[in-house]
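Both complexes below contain subunit A, partnered by subunit B and then by subunit C.
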Partner chain A sequence: MQPIIDAKDLVHEYSQRDEEGNVTGINRALDGVSLQVEEGDFIAVLGANGSGKSTFAKHLNALLTPTEGTLYVGGMECGDHTKDLDIRKTVGMVFQNPDNQIISNVVEEDVGFGPENIGVPTAEIWQRMEDALKNVGMYAYRKNSPNKLSGGQKQRVAIAGILAMKPKCIILDESTAMLDPGGRKAVIDTISRINREEKITVIVITHYMEEVTGADHVYVMDSGKVVMEGSPREIFARSHELEEHRLAVPEAVKVAMLLRDQGIPLPEDILDQEELVDAVENLWIQR
Partner chain B sequence: MIRDITIGQYYQGESLIHKLDPRLKVVGVLVYLISLFCFRYVIGFLVAGLFFVLVLKLSKVPFRYVIKGLKPILFLLVFTAALNLLWTPGETIWRFGILNLTKEGIYKCIFMALRLILLIIGSSLLTLTTTPNQLTDAMEYLLGPFKRFGAPVHEVAMMMSIALRFIPILLEETDKIMKAQMSRGADFESGNLMHRLRNMIPLLVPLFVSATRRANELAYAMDARCYNGGAGRTKMKPLKYHSRDYKGYGVLVVYLVLLIVVTRTVAI
Partner chain C sequence: MSIQLENVNYIYGESSGQEKWALKNINLTLHDNEFVGIVGHTGSGKSTLTQLLNGLEKPSSGQILYNGQDIQAEGFSKKELRRKAGLVFQYPEHQLFEVSVIKDVEFGPRNLGLTNLEVEKRSFDALKQVGISDELLDVAPFALSGGQKRRVAIAGVLAMQPEVLILDEPTAGLDPAGRTEILELLQRLHRENNISVILVSHSMDDVARYAERILVMNQGELVLDGAPEKVFRYRKELREIGLDVPQSANILYELRDRGMDVDTNGITPEQAAQNIADYLRRQS
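Showing the complex of A and B:
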């Protein structure tokens, strides 16, 4: 099957210009990124600040054009701007700040904004709005003003706004970064359920390691390059390498790592607190 | 303090007036405002006032909400009323120095005050019973003919509704920045005018930077959701006239006729 996202040697350069328009500096934010995402996958992209994650995400949505390399989204080539709208219909994007992506003063109208733009008939907009808001558990708030919702609720409304456009793929660009732990969990649970039940491809961009434990495949970016990839377990097992890329390893993984360094024979693939406790208990029993 | 500012405040309700088509309400208010300037006898205020009371009762909006709209212009109202009252030349009733109370002055003062009051409470009834989105939809429709001359009607309506959404967010942010700067010793309340203006800089610069950043992000978010201007767009809530709206237009005509007939026949 054709991958939904297919990037080859993708390069993006931001150029700084002075008042006369002469280029004064070039910032290579993406430096030869190649990766493929199969339809239905749950993908996580990890990386410290400034590693180029958002730049990459904006390419997938045709908000930026590649400087070099090729990118196909749903079989359509990004680059010439003829397919922009079709690409944006295929890949929806949820941004970091919930306040700056909600357009309307009423929740239901905001969810209807995307479908209105792509010319969905009125009756179907209402149906899609209802389905999408029920899907993220915000239907009861449909008449409310977004200003009166919590951050996590606003992000779920933003996800509903994307769902209502029926995309094949949803990207969350650090959409949980401004939320409290409760809100973060609600958003991640919602999005992984949508991935499982609706078979929508999900790409989560984050620097919270805890959020990638459920992913099928993890990519780690640094300085515009993909520097590591693998399943969450494989990635976490290389915790020293992760720290070189300025990523904080989850506490439980770190403790396991320190214990291993001290010569205690713990398995290499511990992901969370529960698994750590189990592993330590096992050791205890064996002794 | 700054959060007390309310613009286009909406009073949630399910009344007949709330349900009327926003185009009818906008046209109705315009007609009503113009009608206030079309008669020369006090009796006209009786008709206009009764019409207002009728609509108010139907809208179920408490009277005190409507009165709130008068507060900001109270000073202006009293000032101009006094000016008219005491400086209009004509048949003198009472005189004290340069103050000259005349029959014409009393007349003019009453007219001016009543007109201004009905004008303000009439239009605030519109914003109290119509959501901002309905208002901008109605304006987009009513200004629709100007699209033919290349006027960016859809864009202006979209800008207005986005502005309405961001007013509370930016007000809250202003409040936050003000408190943050005050806690670092900034002073927004004392000193002369120049001094105070200069003290506003630490407030305005961060506010401006943040607003620009928000605008940039919002533009990306709108792009990402396939926003591409007004062309080819469908409506989730298309404006549609119901029979009650046609009746509403009828009532408006009846009001105008009644106003004309009464002010022509009863000359008081």
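Showing the complex of A and C:
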């Protein structure tokens, strides 16, 4: 099967210009990124601030076009702008700031805005709105004003707005960065369930390691390049390397790492607290 | 420096009939040279509390004393209070507005009526303290990375030479290395310059590592107040209000629950690893 995302040697350069518009410098934000995402996958792209991960995400729904290299989204080539609308119907994006992407005074109207703009018949808009809001657990708030919602609830409304457009792929571009721990968990739980149940491809862009433990595949970016890739287990086992890329493993993984450094024979691929506690219990039983 | 809150209440929308108590009967003394962490859910009253501390908001009732003086009293200089109690808002980089880094930092001290030389000296010093190098002084703030912008914003407050630095989630949105840089900076300012730090945070792991005293807020009330090791012993009570102990403490408690006699006194990964290693060695 054809991958839903197929990037090859992708390069993106931002030019800095002076007041007259002359180019004074070039910043290579993406520097030869090649990766493929299969339909239905849950992918995480990890990277520190300035690593290029958001620039990459913005290519996936044609907000930015490649300077060099090729990118196919759902089989359509990005770059010549002829397919921009179709690409954006295929890939929906949730941004970082919940307050910047809600446009309506009523939750259900906000969710209906997208489908209305792509010409969905009215009766179906209502049906899609209902399904989408139920899916993210926000149906009870459909008549409310969005500005009374918490950040996490707003992001779930934003996800509903994208679901209502029936995309094949949803990207969360640091969508949890401004949320508190509870809001963050609600958003990640929601998007994971949508991935499982609706078979929608999900790409999570983040620097919170806790959010990627459920991913099928993790890419780590630094200075515009993919520098590590693998399953969450494979990535977390390389915690010293992650620190070099300005990232950090979850505390439980860090404790496991410190214990191994002290010569305690724990497995290298511990992912979370439960696995660590199980592993320590096993050692205890053996002794 | 000391800040004392006596029976402080803060009520929103009193006149509209839809009252909401953001703070309920807060009694609290913040001492000189403390590193205090304030934790609690969104809406627990943390941010309101910080805005009362430097006089941005006025309590609905109760008193706030700065060095024993009532900050609402006639003749008390609010301007002076805001200089001494420097407040760094959430996402302070949104408030950078000048054409260069140095000009932005100079804005505050220049408004204090200091000499040019003094303004420049303070601004250079503040930028040095936050680790912004000389070649960035004339750069536009917008050209900096997220972590750098935030440090410039903190430098702007430091240049006012505050006695206490109050920060509302200064690490929000930063990558792990950027977070560590900011927290280490606060620790250094606290230790080397004797500045009191009041840090509002969502991260139990961060306050466990850096704060000497933790205040736990829930629905406008101050529910726990003490050293981190003590506060995080109230695991059950914290869970009841939807908060958690640091992951490292959780791991130790979890092992204890499974019948292992591990020392549960530990709130950082280093302490947790040490306690577990000690315990396993005792068993063999």
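Following the convention adopted for this analysis, the second predicted complex is superposed on the first by the 287 of 287 C-alpha atoms of A that agree within 3 Å, B and C clash if a C-alpha of one lies under 4 Å from a C-alpha of the other, contacts with A are read in each partner's own complex, and residues count from 1 in each chain.
Here, contacts are C-beta pairs under 8 Å (C-beta built on N, C-alpha and C of every residue); 3 or more make two chains touch, one makes a residue touch a chain.
The structure presented is a predicted model; accordingly, all values stated were derived computationally and were not measured.
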{"item": "First, second, both or neither for A:E251, with subunit B first and subunit C second", "value": "second"}
{"item": "First (subunit B), second (subunit C), both or neither touched by A:E39", "value": "neither"}
{"item": "First, second, both or neither for A:L259, with subunit B first and subunit C second", "value": "second"}
{"item": "Contacts of A:D9 with subunit B and subunit C, given as first, second, both or neither", "value": "neither"}
{"item": "Which superposed partner A:G50 touches (first subunit B, second subunit C, both, neither)", "value": "second"}
{"item": "Touching partner for A:E268 - first (subunit B), second (subunit C), both, neither", "value": "neither"}
{"item": "Which of subunit B and subunit C A:G92 touches, first, second, both or neither", "value": "first"}
{"item": "Contacting residues of subunit C [partner subunit A, same complex]", "value": "41-43, 143, 145-147, 172-178, 180, 202-203, 205, 242, 246-248, 250-251, 254-255, 258, 260, 269-270, 272-273, 276-277, 280, 283-284"}
{"item": "Partner subunit B, residues of subunit A touching it in the complex", "value": "58, 61, 63, 85, 88-89, 92-93, 95, 97, 99-106, 108-109, 112-122, 125-126, 129, 146-147, 161-162, 165"}
{"item": "Of subunit A, residues touching subunit C in the complex", "value": "16, 47-50, 96, 150-151, 174, 177-178, 180-183, 207, 243, 246-248, 250-252, 254-255, 258-259, 262, 264, 273, 276-277, 280-281, 283-284, 287"}
{"item": "Residue ranges of subunit B touching subunit A (in the complex, touch as defined)", "value": "131-133, 161-162, 164-165, 168-169, 214, 217-218, 220-228, 232-238"}
